[in-house]
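Listed below are the structures to be examined.
Note that subunit A is present in both complexes that follow, paired respectively with subunit B and with subunit C.
Moving on, here comes the complex of A and B:
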């Protein structure tokens, strides 16, 4: 019995971690800043490739993962400065621009690095409960997802940068009038978003096939989670991930992966119909 | 002096130019070979060897004087794994470029997307992958292995060696569905039991729940017919969770070279039946590998798709030369004699007149903990007999249909 209970928790944690880690970066870039970032998957791929490259050079995995997230973040700042900055007032054009970027990046990676590279293998470690065996690394992923949420909470609610960032996202002109350097705040926020996407790729790199289009497998889940969550990163993305993870886990377990995916997307349609502003609109309203 | 010399040079040039022009006019125009292979998108890592195999064969054939004295012009388009684009590009190659033969397609979905378009023309079509079998269509020659060569060998062997309970994970499209149907039929004939079947949407990369479902069902072995880079993540995740079950497949190792892409021991205890895998160690195979690597030094693995794509051009050459014609009906007369054979690196392969599928030398291979590949059993040459047995006879009637164990031809 306890084995079954743990198995349910483990499966929930696994889907939850996947949703949170793939959506956290997008929650900032799309949820807060309003940039429809179609290149989100490519930041994830960047994190994965840098991680694998560094591990093959002999860098220990956790350090490689941190450096990969940092690399993606820095590239994010550069992309914001060179491309995204020009599209804040034209959200639909930002969709096209970032989509173009995504195509350029995947095709360049295909031409330069090749169609596939050898993986590095998941870190050793597994444990058995009842008749089941589990990979320890999947629990590490869950812990990382929780840590990312905590980190976001502290960054955006408890620091000076967080206050300025939220002020800028709410009303950039007013924030600028009050002396906030909104340009820099946008760049840093986008960088954090890209860095979190890179972290997602870095964390999942050992468990997946590495190909230039690997980011695409995260993109649907990340957009869905952010859209269901709504504009608030913490009060939106986290409950959305809990909600979608429960639905998907339950359906996966009872009816298999197809029904799991269909069911999750169906739930998304229902929520968007009932709550067009996302879950956070309800939670935030109640909080006031 | 100087101007006189220049005039003479110009005159000479003009004469030579005219001569060259005349020569081009006199030579036969090149044979146009249309090729549809994914070299970008999710399946690029498998499509690239197919393009390269075709390029290698074209280069070799052209160097030796082409086909019936005509050079081959390869026109490759990249449909990027998109079935709508497959259709668009097939139409373009057939009606605008007017290719003499069409080759390619990766997934069975892409093949079925373009087959009706090809059927409206008189252009021959070669499908170069192993697949779930059953296509009875006079326009199509299938160069890869089919279930009676892959599953009828592999599944009894797995049952014999590991046990009667199997769990299936399959990609959720026609290839996975029909392959799973084959497995059900063969397991039933063997008195085995399918303890679980899970169809996975393409693009899914997370398998924690699937792994637990497998552990709950307690199979003796797993049939893995999952497709694409995302779904291949199953192996890494199953290894990390210490699933440790024997696996069998019709597409792993020789086709997707997972044993080269994943760190050992993710593919440990995988089994597959194949007509080609790079580890084949015969003089003919080694010679072929040497030529391939001389042209493409960076190849991670020469897979069976690339190998079949290479053979396809030689098969086409043989058919055209025996028929002394590039017309489909004339080539089919050669096929009908049952003597449409070539000497391939695996050995002699022949086209079966009834089904227009190809015989293959099949071997059962296993992957060890260090991802070393071992030949477990050599089945010799196996003919593609199933379609003929159920009543497909292209020498008499063109069904243009795809049959499965549950969809058989109507008795007439």
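Moving on, here comes the complex of A and C:
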């Protein structure tokens, strides 16, 4: 019995980790600046490619993954400075600008690198409970997702940067008047968002085929999680991921991946009819 | 009726504009006499996509709803045409299949639109929900390779796509080549003029009022949701028209016509052209399709990089669109030379600028 229970938890953890890791970066950028980064998938792709490249050079996997996340974060800061910064007053145009960027990056990668490169293989290691075997790496991914949420909690609730960031989020003009450098805070937040996207790619790089268009496999999950979650990462994205993971897990188990994804989409369309501003709007209102 | 065609929501008015319109139309009509059949076929192919662009222009430029789901309805209708044409047999029934597939796309748009519009989502979320639905459809169709995925005798065939449906036909006469070209020109003229009349009608004024300020429009007593749903359904139905025509034109359709990067193309055409005017969209989309096709011959990736760069350049340099900007410049020069008061033109253009979208 406990083996079955663990199996259910394992499947839940697998989907939950995927949703959190793919959506966290997008949610931070949306929560802080009200911008949806359409090049989110390309930051994920960047993280994955850097990881695989470094591992092939002989760098140990965890260090390669950390460096990949850092690279994506730095590129994110540059992108914010060069492009996104101009569009904070025009959120729809920021959508278009980042989409243009995404097209440029994906297709240039196809031109330069070619359609696919050889992967590095999922780290070995599995364990058995009852009659079932489970992959250890999937639990590592779950642990990483939880760590990301904890890290975000600490960053935004316990540090000086967090206080300034939340002040900027609530009222940017007032925060600026009180001396917060909102431009820098936006740049750092965008960098964190891009870095988390890179981390997502880095963590999933060993488990999937690397192609320049791989970002597309993550964007649906990240979009719907942010739509359901709303503007707050901790109070929105996390509960949304729990909720969607339960739906997805149940459907995956009975009907397979694609029906799971379709079912999740239908659930999201039903939810926005009731909660157009996402789960966090309800939770935040209750909290006040 | 002419008043509706020449109304204030569309740029390009008066005898000068309509003379130009007639000249271009006449040129389009005699073009097949001079060009070889390959070029005529190519032009028909460009025309297929124009409907989708005009639909997006209506939704985005006039209605203020940025839908990223044009290829969703393109795909629904394209696949529906395939399934219907294969199952109902060829001949004149293909016309019925075309009409039915557009209706199916419009019903799908009505359902999705109901949940989004009545849920009250707008702006950015409208875009990413429609895009999510689009990508999910593309993923779904991509894994329907097995023989169990069939509707009647039509196999969906996964990534390789569905094929084997008949092209549009009347009895034994297949609408191909020059005949298809003339059908396309006729359809474009009808759709273009009908949309002009729609946006200049009472309904069109409410649609534009909703774009400018939904609350104010609602306070004036209009149920804006109904108008938004109508706009979304018509715009998506035009994408459906493109989809069904595309399937009929090439006798195949694949999931790659739906997913990325195909989903970005209508956005690039309309953004580059100038979303707030139908004529600019018509002209700009045709130019972009022509250019894209020319470069695709050498490298499809390079063409797509260029499209991405154009989108980025448009929002950074000319958020209202390049073609529209050039058009206004020419029109202003023209009226200045004829010593008209240019204030009039400026007043008109400023009325067409949306607040923030």
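Assume the second predicted complex is superposed on the first by the 287 of 288 C-alpha atoms of A that agree within 3 Å, B and C clash if a C-alpha of one lies under 4 Å from a C-alpha of the other, contacts with A are read in each partner's own complex, and residues count from 1 in each chain.
Quick note on the criterion: a contact is a pair of C-beta atoms (placed from the backbone, for glycine too) under 8 Å apart; a residue touches a chain by one contact, two chains touch by 3 or more.
All values reported here derive from a predicted model rather than from experimental measurement.
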Subunit A as common anchor, with subunit B and subunit C clashing or fitting: clash
Which of subunit B and subunit C A:249 touches, first, second, both or neither: first
Touched partner set for A:7, first subunit B, second subunit C, both or neither: first
Touching partner for A:281 - first (subunit B), second (subunit C), both, neither: neither
Touched partner set for A:155, first subunit B, second subunit C, both or neither: neither
First, second, both or neither for A:121, with subunit B first and subunit C second: first
First (subunit B), second (subunit C), both or neither touched by A:15: first
Partner chain(s) touched by A:137 [first = subunit B, second = subunit C, both, neither]: first
First, second, both or neither for A:87, with subunit B first and subunit C second: second
First (subunit B), second (subunit C), both or neither touched by A:213: both
Segment of subunit B intruding into subunit C (one of 3-11, 21-29 or 75-83): 75-83
Contact residues common to both interfaces of subunit A (with subunit B and with subunit C): 106-107, 110, 213, 216, 220, 258, 261
Residue ranges of subunit B touching subunit A (in the complex, touch as defined): 39-42, 44-45, 48, 172, 198-201, 203-206, 208-210, 212-213, 215-216, 218, 229-230, 232-233, 236-237, 239-243, 260-264, 266, 298, 300
Touch list for subunit A against partner subunit B, complex: 7, 10-11, 14-15, 18, 106-107, 110, 114-122, 126, 128, 131-135, 137-138, 206-214, 216-217, 220, 249, 252-253, 256-258, 260-261
Complex contacts: residues of subunit C adjacent to subunit A: 66, 112, 115-116, 118-121, 123-125, 127-129, 131-133, 135-136, 139-140, 143, 259-261, 264, 267-268, 271, 299, 301-302, 304-305, 307-316, 319, 356-357
Sites on subunit A touched by subunit C in the complex: 34, 36, 83, 86-87, 90-93, 95-97, 99-104, 106-108, 110-111, 213, 216, 219-220, 223-224, 226-227, 258, 261-262, 265, 268-270, 272-274, 276
